[in-house]
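Everything below concerns the one structure shown next.
Chain naming follows the written order as A, B and C, and within any one chain the residues start at number 1.
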Amino acid sequence: MSYTAWIILTASLVGLSCGLVGTFLILRKMAMMADAISHTVLLGIVTAFLITKELSGPHMLVGAILAGLLTALFVQGLHQFEIEQHASIGIVFTTLFAVGVILITTSIGNAHLDVQHALMGEITFIPWETITLPIVGKVPEATALLALVLMIVLVCIIAFYKEWKITSFDPALAASLGIPVVFMHYLFMSLVSITTVASFDAVGAIMVVAMLITPAAAAYLWTDKLSVMLLLSALFGVVSAVAGYYIAAWIDTSISASMAFATGIVFLISFIGSPKHGLIAKYRRPGEIVAA
Amino acid sequence: MWSILTSSNFQWVLASTMTLGIASGMVGCLAYWKKQSLMSDALAHSALPGVIIGFLVIGEKNIIFLITGAAVSALVGAFFIQWIQSSTRITEDTAMGMVLSIFFGLGIMLLTIVNRSAGGNQSGLDSFIFGQAASMVKLDVFTMLILALVVITIIFIGFKEWKLFLFDPQHAKGLGLSLSMMNVIYTLILVTTIVIGIQAVGVILIAALLIIPSVSARYWTNSFHYMLILSALFGGLSGAFGTYLSAVGKGWPTGPFIVVVAAILFIFSLLFGKEKGLLITWFEQYLERKRIGTTKQTSTIGTKGVN
Amino acid sequence: MAKTVLKVTNLSASYRKNTVLDNVNFQIEEGSLTGIVGPNGAGKSTLIKTLLHLHPSLTGKIDFYGLPFKKAKRVIGYVPQRGSVDWDFPTNALDVVVMGLYGQIGWLKRPSRAHRKLAYEALEKMDMAPYADRQISQLSGGQQQRVFLARALVQDAEFYFMDEPLAGVDATTEKAIMAILKELKDEGKTVMVVHHDLQTVTDYFDHVLFLNRTVKEHGLTDSVFTKENIMKTYGGKMQRIVEGGSHVVHSN
C-alpha cells in the first residue's frame, strides 16, 4: 500500500472506533469524561514507559486502561466527597496530566516520548513504524493496534448492545433488573481508554476528544434511532478523518489538527441542515418544535 | 538554586504568577458557585486560535494583541457553547467538549503554519501550550500583573453584589442589580484571567488554577467570604511555588508545576479540612453510626403498622 | 390473614451526612396497594431506592418473601420517577417497554419477536399502542408515564414499586394508571406507590404509610388516614395542607 493509503486507512480506523464509542459517550453525558481520560492516558503511557523502558503497543494499552479506570475512580471518589462532578473532573485530569508532563520533561525528555507528539499526534510518521504480522505481513504498528481496538470495540458494542442501551437510558431500572451497572460503567471507561490510546499516535490527546464527541453529536442531530446513530457517527468519523487529511495536504499543516477541524465542519453542516434538529428546519417550522 | 531567586527579573515573574494565582483563585470561586468549572477549561482551549491569529496579524509576539486575540476567540467559543446547547438537544458538556477540541485543533493548524514559516520558531508560541514563565519579558510581566490586579479589584469592590448574584439572583434582581450586566462582567473577568494566565500556565492547564484552589478552600469554610480569601491564598501559593520549582530545571514548563502544587494543597485540604475534610467526616459518621446503634438498642423491637 | 411479602426492620440510610431514614420498621401484606406519603425531603424516594438496593442502607434488614432482595429480584418491578431519565434518548416507546424484559432475556441475546409482542400488548393495555413507533421525546408527560407503566407491566412482577407515577400527568392518564394499579391489586400483586397528593389518598389506596424520616403511621387507609396522623407527619406545614385538602374536596 502507498504511504497516503496507510495514513488514510489509519485515520479512518480512528474515525470508526471514536465514532462508535463517542455515541455512548454523549448519550451517557460523559463528554467531558472523555476529555479527562484523553489527558490522563498520557500519564498511563509515561508510567508504562518508565517501568518497561519501551514504547510497545500492549504495554501502552495496559497503562492506558489503568490510567482511564483510575481517572474514572478518582472522579467518582471525589464526587462522593461533595465535589461537583464538573469540579472533580477538572481537578483529576489536570493534576494527572500535569504529573505526566512533568515526568516527560524532566526525566525522559529526550527519549522517544515528547510532549508535542503526545498532544498533537504524528500521523505522518505512522507508516514507517512497522511490525510484521502473520498473514497480512508488514503493517504499521499504530494501524495494527487501531484495528485490534476497533475489533474489541465492535465486539463489546454488539455483544452488550441492549445492556449499553438500558444502562445509558435508565441506570436505575437496569440495576433493579439485575444488570451490573457499575461493571458496565467501568467496562465503558476501559473502551474509552483503549480507543484513546490507540488514537494517540495518530491524533494526540486533545484532538481525540474532537474525534470522539463531535461525529456522535452530529449524528445525534440526524436520527432518533440508536443503531442509526452509531452507524452515522462512525461514518462521520471516517469522513472527517479523510477530509482532514486532504485539508492538511492542501494548506500544508498538521493532519491531526485538520481532522479535528473537519469534525467541526461536519457538525456545522448538521447543525444548520439537519431535517429534524437543524437551524433551517427550526426556523421553518418553529411551532412544531415547541409542540414536540 | 537560591541565585535564581535573587535575580530581579525572576522576582518580577514570581510576583506576577503569584498575583495571577490570587486572581484565578478568586475568579475560580465565582465559577465554582456558577457550576462552570469545566467552562473555564473549554474557554482556555478555545483561546488558542486567537493567540495565533493575534501573532499572524502583527507578525510578532506582542502581548496586547495576543491577549485581545485570545479573549475574542474564547468569547466566540463561549458563544458557540451557549448557542449549540440552547438550540439543539445536545447537552452542555458535549458542546463544551466539541468547542474545546475543535478550537484547539484550529489553533494547532495555525500554529503549525506559523512555525513552518520563517522565524516562526523564534516566536515562542509553543510556550502557550504549557506555559513558560521564563520566556516572559518585562512587558508581559507588567501586563499580566496589572490585569490580574484589575480582576482582583473588581471582585473585591463588588463582593456584596457577587454574593447576591451567586446565591440569590432573584433577590439581587429585586434590589435592582442587573443580572445580565453581572453575567457580562463575570464572563469578562473569567476570560481575562484565563488569557493572562495562558502565557505562564498554558492553555491546557490554566483551568486547574481556576478549579483546584476554590474546591480546596471549600473544605475549610462554609462562608463565601473566607472561601474567597482562602482560595486566593491557595492560588497565590500555587502560582509562586510552582513557578519557583519550574525554574530549577532548564526549559521546564511552568504550568504543570503550578498545577501539582495546587493539587498538593488540595489533597491536604481534602484530608484535614475543617468543614468537610475526610478526617472530620469520618469522625462524624462514626458518631452518627454510634448514635443510630444506641437507638436500635433502646427502641422497642415491635414493628409499626402490622395489619 | 394475608401473607407478609415485605418485612423491613430498623432500616436507616443517609445522604452524605444527613440521615434521611432512621429506624424504619413496617410490613407489607400480599395484595395490598399502599400509598407512601410525607412532606418533601421525608425520604420517600430514598426508602424505595434503599429497599431495591439502589441506595446503600446504614443499618437494618429487608426481607422480600422471606428472602434477601438479591434472591427476590426477579419478582420485583420498579418504576423510577419520570424525570430521572433523559427523554431525548434516541429510542421509541416500544423499545423502552422492551427494556423491561432485558433482565429476563439474558446476556448476549437480543429481544425476539415474542418479546416485542409482549411489549406491544403492554402498550395496548395502557392505550399507547398507536404511539409505539414514536420517539420518546415527542410524547407528552402523561404518555411518557404510561410508557413507564407499560414497561413495569411487561416485567410481570409480583411486587411493584412506583416513584410518583402520578406526578405531572393529565387527568386521563391518572385514571388509566389508577385503573391498572387496581387491576394489579385484584390479580393479587402488591404495589407500593410514592404519592404526593393527599386529597386522592382515600380514593386510590387501601393502605397508607406516613413517612417522615421514620414511619409515622402505617395501616388501612380507612383507619389511619386521619387529620392527627397527617399533622404528625407533616408537622408545621400541615395546617395549610389539611385546609387546602378540604377545599379541593369541596370543589369536587
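Definition applied: contacts are C-beta pairs under 8 Å (C-beta built on N, C-alpha and C of every residue); 3 or more make two chains touch, one makes a residue touch a chain.
Chain identities (UniProt): A = Manganese transport system membrane protein MntD; B = Metal ABC transporter permease; C = Manganese transport system ATP-binding protein MntB.
The structure presented is a predicted model; accordingly, all values stated were derived computationally and were not measured.
J.: Could you tell me which pair, A-C or A-B, is linked by more C-beta pairs in contact?
T.: Higher contact count goes to A-B.
J.: Looking at C-alpha means, what's the farthest chain from subunit B?
T.: C
J.: Please list the single chain whose C-alpha centre lies closest to the global protein C-alpha centre.
T.: When every chain is reduced to its C-alpha mean, the one closest to the whole-protein mean is A.
J.: Quick one: report the Å distance separating subunit B from subunit C, using the average Cα coordinate of each chain.
T.: 44
J.: Taking each chain's centre as its mean C-alpha position, how far apart are subunit A and subunit B in Å?
T.: Centre-to-centre distance between subunit A and subunit B: 25 Å.
J.: How many angstrom between the C-alpha centroids of subunit C and subunit A?
T.: Here the centre of subunit C sits 39 Å away from the centre of subunit A.
J.: Hunt down the residues of subunit C that sit against at least two other chains at once, touch-wise.
T.: In subunit C, 137 touch at least two other chains.
J.: Among the residues of subunit B, which are close enough to touch at least two other chains?
T.: Touching at least two other chains: 89, 281.
J.: Multi-chain contacts only, two chains or more: what residues does subunit A have there?
T.: Within subunit A, residues 29, 82, 220 contact more than one other chain.
J.: Can you check the complex and tell me which residues of subunit A touch subunit B?
T.: 26, 29-32, 34-35, 39, 81-84, 86-87, 89-91, 94-95, 97-99, 101-102, 105-106, 115-116, 119-120, 206-210, 212-214, 217, 220-221, 248, 251-254, 256-261, 263-264, 267, 271, 277, 279, 282
J.: Which of the residues in subunit B end up touching subunit C in this complex?
T.: That would be residues 89, 281, 284-285, 288-289, 292-293, 295-296, 299, 303-307 of subunit B.
J.: What residues on subunit A touch subunit C, complex-wise?
T.: Going through subunit A, the ones touching subunit C are 27, 29, 82, 159-163, 165-166, 168-170, 172-179, 220, 223-226, 228-229, 292.
J.: How about subunit C: which of its residues touch subunit A in the complex?
T.: By the definition above, subunit C touches subunit A via 16, 49, 52-54, 73-74, 76-78, 80, 84-86, 89-92, 95-96, 99-100, 102-103, 105, 107-108, 110-111, 135, 137-138, 151, 155.
J.: Which residues of subunit B touch subunit A in the complex?
T.: Its residues touching subunit A are 32, 35-38, 40-41, 45, 84, 87-91, 93-98, 100-102, 104-113, 116, 126, 129-130, 204-205, 207-208, 211-212, 214-215, 218, 249, 251-253, 255-257, 259-260, 262-263, 266, 270, 276, 278, 281.
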